[in-house]
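Both complexes shown next keep subunit A, but they swap its partner, so subunit B is in the first and subunit C is in the second.
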Partner chain A sequence: MFDFAIIIESLPEFARGTLLSLELMALSLLAGFVVALPLAVARSSSILWLSRSVGMYTYLFRGTPMLIQLLLIYYGLSQFQWMQDGWESGNPVLLLFREPFFCAWLAFALNTTAYTTEIFAGVFKNTPVGEIEAGRAMGMTHFTLLRRIVIPAGLGRAIPTYSNEVILMLQGSAIASAVTLVDLTGAARYVYSRHFAPFEAFITAGIIYMLLTFCLVGIFRMAENHWLGHLRPRTSPDKQR
Partner chain B sequence: MNELVEYFPAILQGSLVTVKVALLSVLLAILLGLAGAASRLSASRWLRFPAVAYTTLIRGMPDLVLMLLVFYGGQVVVNNIADRYAVEPFDLDPFVAGVSTIGFIFGAYFTETFRGAFMAVPAGQMEAGRAYGMNRWQVFHRILFPQMLRHALPGIGNNWQVLLKSTAIVSMIGLTDMTLLADQAGRTTHQPFIFYSVVAGIYLLFTAASGWGINRLERRYSVGVRHARL
Partner chain C sequence: MRKLIAAGALLAMVMTGAQAKEWTSIRLASEGAYPPFNGLAADGSLNGFDIDIGNAICAEMKAKCVWVKQDWDGMIPALLARKFDAIVASMSITDERKAKVDFTDKYYASPLALFAKAGATIKPDAAALKGKKVGVQRGVVADNFATKYWEKQGVKIVRYAKQDEAYSDLKSGRLDAVFADYLEAQGGFIDTPAGKGYAMAGERMFGKTAEEKAVIGEGIGIAIRKQDADLKAQMNKALAALRSSGKYDVIRKKYFPTLDIYGE
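Up next, the complex of A and B:
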């Protein structure tokens, strides 16, 4: 029932799909990280309107399915006349919205930015009071305080939660095939429809996703050991020997 | 605007399908989660191993891949069995496939939630119950379970919110939930943005309402717990 010849024959498809999935994930996470940092500072600030307006954005994107956000951007925006006019006149920015890759990237990036902002804002708000007081006592400005204390210490403490978000992003990217992209799931759907072999197609994809997940877990474990080593539970002295 | 009025009842109908999928799968997931937590905490290695394998495998792959596997793979299994016994094969129902897959996936997450919650109940509580002469079942349903639920509630709430949003992918195996109906309405009226926005709004309503409900439950179950104020 399980035909390995189909899998071997389709390995190039799976490899291309895996690359596309990884590319989408990496680019979305990169954008998410860069944008989430200032947003998280705003979200954790005591200026109410600033914190609230960022909170509004994260609420909207965390409260709706990422699939809907993707469909809204890729299929939804084409409804507007200005978008179609832009396509006809060759507006380079608006033309991007015809590209499924760009739309998937945008939807994933907006989504992960919302989650990452809340993760970072949470750890920033939990900075020990003494550390902030110490910084103020040294005469640091607000910006220096953020740059030297709040952000570096907070990012370290965010690693365990952020690693979860990265894994969710990898798995969430599976919906890219809804906008005609041939990512890893898309490759599996293609193999399924060509050979009518659901087990070979989807189990192979599932195993590749699992391997990628384990790799990510391993990388983050190393990162935790590196940056959070001082927070590890202390082992008894005889174990250390 | 007329189109919106025309298709809105259908999308509301579809939102009922979404709610049904979510409620049935969360029920299945909670049952699987309790069974999984029980076997993970059991003293027997033969019971522990399958539960560890279950949670590790399921959490390692996307829900969509598993759903496609269950839906298309399940159909092949049905066809083969029907072939062997020379009966007419039936078509696998996307509703059943969707509910069972989502329930099965979130069962793995609930297993971890319940396992942590069971472990958070101090052993002294159970010992006290035994010392009062309660039998194992009485200790379980009077002491262990209610206290476990308090520790599990934040996790349950979180899992529920994620589950609710992942119901949108059942549209990708052809179940006519509100996402698929919005898709169809958007195509016929050439106004996809309007209809997807309506669905996004309904999801937002669902998550906001459940957030409120979970909050109330948590308050109710933490009656008698002292909170330190900073």
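Up next, the complex of A and C:
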């Protein structure tokens, strides 16, 4: 008793939801990437207080569920009088916190920044010593070394781990519906409450999430072939004979 | 083989048992997030008008009541999946729901109403609310009404999983108004300390046309599975007995001392 009519009727809702999910994910990943780069350099640095303070941040956001972070930002902050006064008087910065989209974006971005920082810091720390020595021998300054060797080579090696973070972000964005956003999961809940058809609603959303994940995996495989091709195990011409 | 026969006999017993059920024990479901109709006590158990009515019906039927807490979103699917036998959770009797489940006679009636900051000039019609943000609980009658008559006219409908979240956003200023069941909002928000400074905006809405009345519904009933016609008959009988014996009014006065919530 699977009702296809419900799914077909609700396709516009699912399409809008998918778009919002992708938008949220892309914007938070973008912010996460940009902010995580300098933070990862700081985290992998040998200056202890710098590394430790970034470590505190990543510990805080990796140690708590993203849903809690989102609820704190959306419902938690709006409880305070200064926030409500800010909305009343039209404070442009505080007004952002009134929008569920901004709150979700902020929570997701802070969260993914924390994870991405640790991923990048890990690969930066594991830069082969020889490469750094070679750079030093060429007379590179610390900054040039980072710019020419540590960061580009590290980002390449980070692709497989980072692709996991991107996929987890897509799945994690499902909690956006907790703050009234009609993302893909929100659309499924809406269809569910309209037609009392949980199986149809959630299987459709599930399939769309799966297709999106499949595309992401494909994109990262292409990226790996492009930037990590030299690390692939090769068969020697001798053996091919 | 013997095991198979035993299993077959057991299955036959279970099946015939379900057909001629005596209803000595009934599992009732409520949400626990809709005070004063159904809320949660400090120990996490359900309480409120719905719960008292459910218990009184069980007492009248001489049956044992077991309460199950269930979120609103999954209420009807869980009933159909036999996780419990009846929903006593202030559910409006609507045509949409009647396609899936059966209802007893109403046990109270409630209009819809719009709530906003005291002194706000808005009222519940599409023209006055154009461009405004109105919060509703997803999938309740207020949502159905607002979706059908307001959303296409440019009113921004914001849907919440729970009613309390809508009040929270009204208080913080994210919403211009909350559109909800009149009695629920009056008792669960306006008359509580949290609702200070907020009031009903405009008039209560019973539905002007026949079509609007159909959306708002014939009242609040107990939902049961369609195949449980015997349960429906017994509950209706118990409900009528509560009404005529005055027990209904005793329960009603506990929550609404001055308001007749049964209607005509």
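Some notes on this structure:
By definition in this document, the second predicted complex is superposed on the first by the 235 of 241 C-alpha atoms of A that agree within 3 Å, B and C clash if a C-alpha of one lies under 4 Å from a C-alpha of the other, contacts with A are read in each partner's own complex, and residues count from 1 in each chain.
Simple rule for what comes next: a contact is a pair of C-beta atoms (placed from the backbone, for glycine too) under 8 Å apart; a residue touches a chain by one contact, two chains touch by 3 or more.
Remember, predicted model here, so these are calculated numbers, not experimental data.
Of the two partner chains, neither subunit B nor subunit C is touched by A:Ile6.
In the superposed model, A:Thr180 makes contact with subunit C only, not with subunit B. In the superposition on chain A, A:Leu20 makes contact with neither subunit B nor subunit C.
Once chain A of one complex is fitted onto chain A of the other, the partner contacts of A:Arg98 are limited to subunit C, with no touch recorded for subunit B. Of the two partner chains placed around the shared chain by superposition, subunit C is the only one that A:Tyr190 touches, whereas subunit B remains out of contact. Once the two complexes are overlaid on the shared chain, A:Gly63 sits against subunit B while remaining clear of subunit C.
Looking at the shared chain after the overlay, A:Pro198 reaches both subunit B and subunit C.
Using the contact criterion defined above for the overlaid structures, shared-chain residue A:Gln79 touches subunit B and also reaches subunit C. With both complexes placed on chain A, subunit A has more residues touched by B than by the other of subunit B and subunit C. In the superposition on chain A, no contact is made by A:Val150 with either subunit B or subunit C. Put simply, subunit A uses residues 75, 78-79, 177-178, 189, 192, 196, 198 to touch subunit B in one complex and subunit C in the other.
On the side of subunit B, the complex with subunit A involves touching residues 57, 59-66, 68-69, 72-73, 75-76, 80, 165-169, 171-172, 179, 183, 186, 190-194, 196-197, 199-200, 203-204, 207-208. Against subunit B, in their complex, subunit A makes its touches with residues 1, 60, 63-69, 71-72, 75-80, 170-175, 177-178, 185, 188-189, 192, 196, 198-199, 202-203, 205-206, 209-210, 213-214. For subunit C in complex with subunit A, the touching residues are 73-74, 76-77, 80, 97, 100, 138-139, 143, 158-161, 165, 168-169, 172-174. Subunit A makes touch with subunit C in their complex at residues 75, 78-79, 83-84, 87-88, 98, 177-178, 180, 182, 189-190, 192-194, 196, 198.
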